[in-house]
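Below, chain A partners chain B and then partners chain C, in two separate complexes.
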Partner chain A sequence: MAFTMRAVKVPPNSVSLEEARTRTFEFFKSACRSIPTVMEIYNLYDVVTPSQLRSNIAAQFRKNAHITNTKVIDMLLFKGMEELGDVVEHAKQRHHIIGQYVVGHHGLSQDSGTKDEGASDFLKNFYKTNYF
Partner chain B sequence: MTLGLLASRALRSSRPINSPTTFLRTIISTPELHNNTSSAAAVADTPPPPPPDRTPVGGARVHFANPDDAIEVFVDGFPVKIPKGMTVLQACEVAGVDIPRFCYHNRLSIAGNCRMCLVEVEKSPKPVASCAMPALPGMKIKTDTPIAKKAREGVMEFLLMNHPLDCPICDQGGECDLQDQSMAFGSDRGRFTEVKRSVVDKNLGPLVKTVMTRCIQCTRCVRFATEIAGVQDLGMLGRGSGEEIGTYVEKLMTSELSGNVIDICPVGALTSKPFAFKARNWELKGTESIDVTDAVGSNIRIDSRGPEVMRIVPRLNEDINEEWISDKTRFCYDGLKRQRLNDPMIRDADGRFKTVSWRDALAVVAEAFHQVKPTEIVGVAGKLSDAESMMALKDLLNKMGSNNVWCEGNGLNVNADLRSGYLLNSGISGLENADLFLLVGTQPRVEAAMVNARIRKTVLATQAKVGYVGPPADLNYNHEHLGTGPEVLTQIAEGRHPFSSLLKNAKNPAIVVGAGIFERKDKDAIFSVVEAIAKQGNAIRPDWNGLNILLLNAAQAAALDLGLVPEADNSLETAKFVYLMGADDVNLEKLPSDAFVVYQGHHGDRGVYRANVILPAAAFSEKEGIYVNTEGYVQQTLPAVPTVGDAREDWKIIRALSEVAGVPLPYDTVGAVRSRMSTVAPHLLNLDEREPTTFTAEVKPKCSEKMSKDPFTNVVENFYMTDAITRASKIMAQCSALLSKK
Partner chain C sequence: MASSLRAAIISHFRVPASQTLALNGSKLWTVRSMSSHGDDHLDKNQVIDRVLEVVKCHPKIDPSKVTPEVHFQKDLGLDSLDTVEIVMALEEEFKLEIPDKEADKIDSCGLAIEYIYNHPMSS
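What follows is the complex of A and B.
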């Protein structure tokens, strides 16, 4: 499936927060729709499930949930589309996807539960590494 | 100088006449020798230049016992004051001139056979071997004259005549005295056309590799073996070009200090067998650390490459190990690569260990913690534990409501109130002042090889008498075996034994009691008898404390300093939760079968067999930890290599566990742990200092216990395998198979 987003030029700025919100949801949907393709081209069946990928994408959206400036939202959308384009066009390699969206920044993603809430920084660091 | 010059000129001029062939090549890399004598005379007439400001070699210092004994000599025109009896070479070192040498070693007797240290002395007809020539008042020593240089060049040429040119495959390459000195003092070309001799390699055992063709017959190893190690194994065979070092008959070198011949060999003739072809010395990263395989705390340098410890070599510390280390210290490092615990593990219902995450392992331990009564919790620190982790373990157990925590080897009701009751009060170097030794239930040769070397040094130097009470032992100095059981001590204390008259006449008697006595039931009675003996021999005075305890393990002294003393005597028999922090030698037979055992440690050793949960920890080469040696000298290890797998430092594991168990300990950094330690035992933070004891046994209450008739037993069965690291080592296994005396 050829990715057509490349041909589209930069859309005009969102005039209101409502419009930015609609665009964000549209983008989230298109990202979710591309998950089967991503699973296929990067051969991710044995490392991750589509739902895990989807929740990872959702987590990235939620990370910026507090932003209200439409210009910033537009910029983030643009960056996200660029990233999605790269992923779907196979401009990345398998270890990029695994490193960024499967393993995550804090060790294996399955480790980062809510169990550590209330633990001290010492304990959180202790679970990660011996050197802190 | 003129005479010497004339002599050498005469020699040179006679040579073409004796050998008039045109083929002859002459080597002259010292053209100044060809200057005519007039210029040399002119130099001598001019006043000497102002003395250069030089610092003594290797921190050499002079100590004048008596100011009348000082004499003045001139080294290269520079006046220097030295005590009478020093050699020319030592005078040059004080003056800051390093004389090249192969056979001379300042801790060994003088041989004077390599001739590399030749210097010129005014009014002497020939260059003199400075290592063997005593300095005389007013001597004018010249170390960089053409004659001295020519002499060194000639010696180098002779030495290299029979030395193979195999530096690229030689393990000494890069740290070889011969290599360095041939670059500095040797000729720039060779005129050797004949065949080199070759020598059969000797088998000295699993530790020392020999390539005897490389030997330059400096005899340092022979002198080390006979003088320091006290074994008559090595010797010189043959004369002239047939001269070789060997063990007269085919046998192995059976000394606990044999590895030191590797360090003192100036060439690659004796190298480390386990280290052979493993690394080059310039690839290695050196970390200055200390040894934990016995209670001496020898100073070592851990040489590592990447994540792997490649070798261990000694570091100079005059107070503890001088510049030697025992074979166990030097070669135990391959145990650091075997049998390691690298992941937290939980024992399943079917008895197999399953790897889990730290989160799960700590949760299981914390849950088990809360299912038992506080009095049923027991903690045992191991032989190799550092002070930080023992502090954390004691704090954790106290917070849980238990005070049954101790360090293995200290026995159950050890007296930790008086520091003098468990330390080597004379100090290791202080033992040199003793003129009589009484060894009670201890075999220093296997329990603390470096202390034994110190005793041997004293016995050889001052003819000190040694009395020994214990099982038949192989001590490598003259000693009198007084008996095997404690009843001999009673006889000595009551003055009925011939040894008591020797004791009364001794000026500085040193009584050394082995820590194996801590495990005996009648230890209080034995200690009170030993104190009576010390009183009788006047061994405890303000200027001399001769009542010593020789500890066995690196962790013991710090554990007693921190007060790791159990509350109840038989707490293991009723325990429901046992925390083993690297404790492998604790007897778990009487432990109830439903007890929950946590093993925190770095090796899958004896403690693991009974464990329910394994928490992997760091070994001494991977962590920063404070240790106190048997004389109370505080030192620390430094991390040389990263930890293995998912292991953590010991005190961090206990700190994390405390938080999961709901009783968080109030320290997050190693500095905070240490400040906690300072509130318990402030001297533990004075690194590289020896904190002497203040009170002595005199304030102790009288003991009314009866002494048993049981003879003393061997505490260390096998010198080479005493703890988890050495038991995992393949080299140590080979040693105990081949070298242990049966």
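What follows is the complex of A and C.
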């Protein structure tokens, strides 16, 4: 039960966009600094390099770069920190990390061929990835 | 009995003064075999090479444009996130932890090289 009893600290909302921006960079840095630990606990040396993981993290940040609402940024930061905490605490398994951060959204399927042109979008997404 | 024994032993182990001076003067400072840092400070050219290597490895950068003086945002067309990414890569390469204030200032290869070369813990 110690796990659920743990105090969850939520930082106060960012007052300005500037503060949200600094906070985002801080979070990016802490994510980058935990890469060696992640490589170690999930034993990722044979599937990915630290710099690939780093650019993958950067890509996920960049995906939300257009957002200017500080509350939305704070929410995304919170979700990111939660995710990072889970990853670093080993609350995930190796295939989660590989599926989400190594293989990414392209998935293992190379569906550029003509054979599945008629397939529905649903089916294509189904083949592509579990993670949205 | 004990004191005479002690005196005999001490006189036996006496070291000439000139020898200790030599030990203090030169040898002791050049060889610090158990020290983990300090004497293996990096050569400037080595720092430049390794910094450029790290910068060239970034997927968005055209390796032919990279020079020791290049500015990340003005010359290479990177954004602030890419800059932070490069600084993180440099931290990993040189086994440093660059504090936020300094990390914000590093926006070109020249500054990065300067900072890392002057950092006592870089290796």
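Everything that follows uses one rule, which is that the second predicted complex is superposed on the first by the 99 of 132 C-alpha atoms of A that agree within 3 Å, B and C clash if a C-alpha of one lies under 4 Å from a C-alpha of the other, contacts with A are read in each partner's own complex, and residues count from 1 in each chain.
Note that in this section a residue touches a chain if its C-beta (ideal position, glycine included) is under 8 Å from a C-beta of that chain, and two chains touch if they have at least 3 such contacts.
Everything numeric in this text was worked out from a predicted model, so none of it was measured.
Chemist: In the superposed arrangement, which partner chain does A:126 touch: chain B (first), chain C (second), both, or neither?
Modeler: first
Chemist: Answer with first, second, both or neither: which of chain B and chain C does A:89 touch in the superposed model?
Modeler: neither
Chemist: Spot which of chain B and chain C makes contact with more residues of chain A, would you?
Modeler: The partner making contact with more of chain A's residues is C.
Chemist: Quick check for you: in the superposed arrangement, does A:40 touch first (chain B), second (chain C), both or neither?
Modeler: Neither partner.
Chemist: Per the contact definition in the header, classify A:54: touching chain B only (first), chain C only (second), both, or neither.
Modeler: A:54: touches chain C, not chain B.
Chemist: Give one of first, second, both or neither to describe whether A:28 is in contact with chain B, with chain C, with both, or with none.
Modeler: second
Chemist: Considering each complex separately, which residues of chain A are in contact with chain B in the first and with chain C in the second?
Modeler: Common to the two interfaces on chain A: nothing.
Chemist: Enumerate the contact residues on chain A facing chain B in the complex.
Modeler: Touching chain B from chain A are residues 111, 115-116, 119-123, 126-127, 130-131.
Chemist: Using the touch definition from the top, list the residues of chain A that touch chain C in their complex.
Modeler: Listed in rising order, the residues are 25-26, 28-29, 32-33, 35-36, 50-51, 54-55, 58, 61-62, 65.
Chemist: Inside the complex, what are the residues of chain B that reach chain A?
Modeler: 357-359, 618, 642-643, 647-649, 652, 655-656, 659-660, 664, 668
Chemist: Provide the residue numbers of chain C that touch chain A in the complex, in ascending order.
Modeler: Where chain C meets chain A, its residues are 57-59, 80-82, 84-85, 88-89, 91-92, 97, 100, 103.
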